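In what comes next, chain A is part of two complexes: it sits with chain B in the first one and with chain C in the second one.
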Partner chain A sequence: MATHDNTEHVSDATDEAVGWESKLQYFLNSDFVRSAPYWGIPFVLMSIAVYGGIGYNFAISFTDYEGLGTPDYSVLDLEMYAQALSSDAFIAAAQNNLVLLVGFTTICLVLGLFLAILLDHGIRFSEKFQTVYLLPMSLSFVVTAQLWLWMFNVESGILNLVVTTLGFNPVDWLGNPSIALGAVIFALIWQFSGYTMVVYLAGLQSIPDDQFEAARVDGASITRTYLRIIVPQLKEASVSAAVVLMVFALKAFTFLYALVGRYRPPNGTDILATLMVRRAFKFGEWAYSAAIATMLLVMALGVIGPYLYYQYKQGSL
Partner chain B sequence: MSQSSSTGSFDVASLVEDVNLRRVAQYALVVFFLGFFLVPLETGIMTAIKTNESVARSLPFAPPVGEGFTLGNIQFALEQLSGSFFNSLIMSIPATIGSVLFGSMAAYGLTMVNWRAQMGVLMLFVVGVFVPYQAVLVPLARFWNNIFPLARMIEPMVASIPFFQGYHAELVPLVITHIAYGIPICTILFRSYYQSLPNSLVEAGKIDGASITKIYRRIILPISKPMFGVVFIYQFTQIYNEFLFAFTLVTGSDAPAAPVTLVLPAIGASTSGIDFGIRMSAAFLAAVPTLILYVAFAEQFAKGLRTEA
Partner chain C sequence: MAEHGCSDESVNRRKYLKALSVGAAAGLAGCTGGGGSETEATEGGSGSDGSGGDTETGGDSSGSTWDSQLEVLHGWAGGDGEAAVTALIEAFEEEHPEMDTNFQAVGASANVNLNATILRRLANNNPMSSFANWPGKNLERYSGALMDLEADVWDAEGFKDTMQSRAVEMCKLNDKMPAVPIGSHRMNNLFYNPAVFEEAGIDASSLDSVDALLDALETIDQNTDVTPMAQAMVAPWTNLQLWAQILTSQSGVEAYTNFIEGNPDRAAVVEALEALKTINENYITADASSISFTTAGQKVISGKAATIHQGNWVYGMFRADDSFNYKEQWDWIPFPGTEGIYFYHVDSIVAPSNNPSREETIAWQKFVGSKKAQIAFNNPKGSVPLRTDIDPSELTDFLAMTYEDLTDSEAYPPTIAHGLAVTPKTMGACKTAFGDNFMGPFKVEATADALIEAVSE
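Here is the complex of A and B:
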């Protein structure tokens, strides 16, 4: 719907002939000005909230603001950043965050791709199955955290039922710091793999059917067809799904909070997002948590920056 | 693959066998994953309708038998949640309408015009979709509590509205916050739809001399009804399910203005542990509004997610 703005060309061409009043008239009648109230009002509101908020957070992160009272902007330094980077809690949280980001994103992509291929061809009522696979995405993290808390329950949870039936000792999924993060990743995969499936299915459906036909006529097996011909064409779907998943992994707070109902998530699952919220709202260390939040933002921008640049270069924005 | 059976020039017998085996395996996997996605939900529901004794004795996913069946948990959870249900709905509905309308307007304004900085403005909207909200939490808390304590200012006014209490004023900043942070995603969703519309629609309107407002009201709004459905369902689900903003602005699961998501992680907990019958009932009840929407409009919901990527 990019309609070209003819009025501006007219005003350029007759620069000398018309006075400033009619130029102003042209300007005020141009699409730019007339459409400004439409995008302008939401833009201002959004900018204040998002970019104003980020700027304010940035400013607070340079102060020593904590507890009650107001931030003091007379001394601004990077002390909070230095303090965070040298603290063990921050480093542990960053490590957990990295594990979550890589593990969660990779497995979600692989499982989602597998599910998409599984449902793509030759399944009756494929759409009904898709609906069920995607269902967890419609639930709140608060709800899914409760469901999984029960699944992971040491005495009566289903996972331990399986484990003990197989002849092993029951596992304390969320209580054992070395496996708690894995358990959390597992639950989040349950919630998100339907999403990657939907993204991949959209990609698969845009690939013309003759490619399958041609490969089949050539005698290629189905596995080979997918691996060699189809999957390489899903690069864009993979990239955009990966970006959404990675950004989610950086900010995942709700699920971890809701598992235990308190600021400190199960041992071994503390990530930057939970650390930041705990420092801010439990201990009132506003400046310190603002610094963590800024670093979190920089990481998120590190993920989406290259992606948006790539999209922009491709002209697909 | 299903198309294979239509071509008869091969060795039909071996093909049929091959196809059948593969299809059996394929369906077996489909059913396995059906179980994978449904078991946590099924278990939750079964636990919700069992007595404590039955929960302790029977398998977690087994349905209750005889004496083991109870609706007591659900009743108790409903009593605990009814106030917060009301809070959730009166917060989510205006917040959804607001962000969807603003999103549609912004997308219209941005696809309509052709000016240089447009891409820059659009980029700011797109980045706004991905910004981790942690980066604005401290400012949000300060803004609504200290700089502009709107909730305290309008409390007497809200208290005078029938069915409302003074504490519902706390939800007003939350609604505004949700609208502001919901605008980017709604804009992006609408923009992808408006871009797919043919140019001729707007051109025709322009030739007829219709103003930009008229084109929006007469042409764009009527044909974007299906997209409004998609964005509305997507955005309502997001806002209803949201936790972090409510946690920051309303604070505490015992606050009278707390929405459902805030109350849920504390329900059925006592010093002796969690009563899972009650907790699962509450989780199920909390999920009902979005589940109904999802079951009724699964295609729209999936479309919203696809467009986001």
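Here is the complex of A and C:
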């Protein structure tokens, strides 16, 4: 009995061994493995740099890591998330983030579309206008923030020069908490509406002229032509421009930081990114900041996710 | 043909490799030479061609050799701060010409980047040799990661006897002494434009209380075209600092001390906030919310504003303008109602534990406390040395006066907005109290509540 068992076992093992070896051979010869040096290295680098970072951030957000020293992974809980969600500063920052996201994106899209339609009418020097509108986008946030800081100055800024010339009282653009966020959004729109214009212009120029002519023959007014025929065809362009703008809105940290040169932006413009950096690098509250970072990531995914799904359903992914 | 091409190619390759290695060597030399080049420059006439042995034997009297690089991080990236730290570095390199040094200015307003860099590097266990920071309660943010310099620097150099006793206390943290003070700014100042005061008919020496100051500001507002006071509110610390002066002036040093020690008197807090509200609502420039203190200082220089309250670092700024001179275009009084008080601020150089260059750090910290270093640094900086044995004639007139006040005032309350008085967390909460509630509109009650909560925690 025992011998029989043994032999069977051995033969089983050799069977398996042969199968395993040839399988390995087969596997090593496959395109997947042979191409590995080409996609594998970037994949590993990417994983460590991006997903490793996200994972580490995620892990830290469950600890109580604070100050100098090393994180203690023995007690993992959601305390930091609870603490953030119950803090007024976090709620205010999240609200500002949302306002920035929606306001900035919507106005940029509408304004960009308007400019694109104007330029698409073949006005003179349209290429030059296109460059003029797009130029702010090529400027660094550091530059535009400083420019706007000067323009927003209550006493000597150009905006108040206009306001007072029109007979109104000077406005404290950045100092008044109820206006400051609007002022920041305004500056960002100035910088990014050129981008949406270019995206829309590309979309408009890909629409054949026949459609305009057909609409005109059928007696549709210009407004009607645009509203019913042209704009609906710009859905793709809108979606991709909106995603880029929203991601920029989430990262408006750079602009705010460059505006005041510190982690505390003007009152009423605190967003999650500034709050996170402030808590982390000013006070060393690593775990708390990591929790904010995770929630910011979730927000960003909330923006990107539907887009990716949309692209996937369209078959372009 | 093919052979020919082949050999040709190999020659090319060889040439290429050679060129590459030459380039790499040059690059390497450039990198390592970076620290040394300054040394060579200061050595000047010695004529040695940078060979290590030569300079080492000729250098330090103790004959010690340095084998690690001294890396010091500081935030003095521009203006008077830069001039001061450059003077300090030059003096140090004269003393230790053979040491490999790396002084890095991590610039940005109010040490934001410097502190973030230090915190990040200490948290990553990648310490530098030393860094500039405030001593006092501020050191608590680095608690557990600081080197003890008591035996090697403080006792070895006898600094405990030559430094102000207050500064000695400030440099202690949990029975360790990780810092050496470099200079002190006075906080309770009121800089003013004597021409405007004359025009408005105000005698500066008669300003002995906050009420007198408010009256004077009102007079300036009525009688001249000049804005009575320059105030910077892009960040909340300027308000916190001015409020601390007002509180001390109105209710005395004890009220201030009680506040920072966690026993605030709400009535006194509110009273000071009311006065500050009056100033901010009526007597400062309209663009205060978007300007920094340097821009505010410029308003005084350009004659747009009559007065400014700041630490005396603005002296460093005023002095940079040749047509703006002490006792002529500007003058100084202690903040009204705080005569005889020296509101205390200290800058220091701190050493982290697990130090990458122990011996070099000790030599550097010893130097920081020396007379030579303190005079070299403080004159351009506009601050005063913390040693008690400095001859005031070595300092500029204004600093000599401040230095005498530093050595004999009645009280030395530590500054709240600059790290000495409260822990970084409390200081942050106090700034947030002003940032959230007192940047216009000015909510006195809400700010008072937040301030009291901040120190009571």
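Throughout what follows, the second predicted complex is superposed on the first by the 282 of 317 C-alpha atoms of A that agree within 3 Å, B and C clash if a C-alpha of one lies under 4 Å from a C-alpha of the other, contacts with A are read in each partner's own complex, and residues count from 1 in each chain.
Quick note on the criterion: a residue touches a chain if its C-beta (ideal position, glycine included) is under 8 Å from a C-beta of that chain, and two chains touch if they have at least 3 such contacts.
Here the structure is a predicted model, which is why all the values come from computation and not from measurement.
Visitor: Is the arrangement of chain B and chain C around the shared chain A a clash or a fit after superposition?
Guide: On the shared chain A, the partners clash.
Visitor: Once the structures are superposed on A, label A:73 by its partner contacts, choosing first (chain B), second (chain C), both or neither.
Guide: neither
Visitor: Figure out whether A:32 sits in contact with chain B (first) or chain C (second), or with both, or with neither.
Guide: It touches chain B, and chain C stays clear.
Visitor: Using the touch definition from the top, say if A:286 reaches chain B (first), chain C (second), both or neither.
Guide: Both partners, chain B and chain C.
Visitor: Check the residue A:140 against both partner chains and state whether it touches chain B (first), chain C (second), both, or neither.
Guide: The first partner, chain B, only.
Visitor: Between chain B and chain C, point out the one touching more chain A residues.
Guide: B
Visitor: If you stack the two complexes on chain A, which partner ends up touching A:261: first (chain B), second (chain C), both, or neither?
Guide: Once the two structures are laid over each other on A, A:261 reaches both partners.
Visitor: A:176 contacts which: chain B (first), chain C (second), both, neither?
Guide: The answer is second: A:176 touches chain C but not chain B.
Visitor: I'd like to know which partner A:153 touches here: chain B for first, chain C for second, both or neither.
Guide: After superposing on A, A:153 lies in contact with both chain B and chain C.
Visitor: Report for A:122: first if it touches chain B alone, second if chain C alone, otherwise both or neither.
Guide: first
Visitor: Any idea which of 9-17, 27-35 or 405-413 of chain C is the one running into chain B?
Guide: Once both complexes are placed on chain A, chain C clashes with chain B in 27-35.
Visitor: Show which residues of chain A both chain B and chain C reach, each in its own complex.
Guide: In the superposed arrangement, which is not itself an observed complex, chain A uses residues 149, 153, 156-157, 260-261, 281, 286 for both chain B and chain C.
Visitor: Residue numbers of chain A touching chain B in their complex, please.
Guide: 1-5, 31-32, 34-43, 45-54, 56-57, 60, 70, 115, 118-119, 121-123, 127, 129-151, 153, 156-158, 161, 190, 194-195, 198-199, 202, 209, 212-213, 216, 222, 237, 240-241, 243-244, 247, 250-251, 253-254, 257-258, 260-261, 272-273, 276-277, 280-281, 286, 289-290, 292-294, 296-297, 300-301, 303-304, 308, 312, 317
Visitor: Could you pull out which chain A residues touch chain C in their complex?
Guide: 67-69, 149, 152-157, 170, 172-177, 260-264, 266-267, 281-284, 286
Visitor: Can you list the chain C residues touching chain A in their complex?
Guide: 108-110, 112, 115-116, 119-120, 122-123, 141-145, 233-236, 285-292, 424-425, 428, 431, 435-436, 439-440
Visitor: Which of the residues in chain B end up touching chain A in this complex?
Guide: Those residues of chain B that touch chain A are 1-4, 22-23, 26-27, 29-30, 33-34, 36-41, 43-44, 47, 55-56, 59-61, 102-103, 105-115, 119, 121-128, 130-143, 146, 177, 179-181, 183-184, 187, 194-195, 197, 199, 201-203, 206, 211-212, 216, 237, 240-244, 247-248, 251, 253, 261, 264-266, 269, 274, 276, 279-280, 282-283, 286-287, 290-291, 293-295, 298-299, 301-302, 305-306, 308-309.
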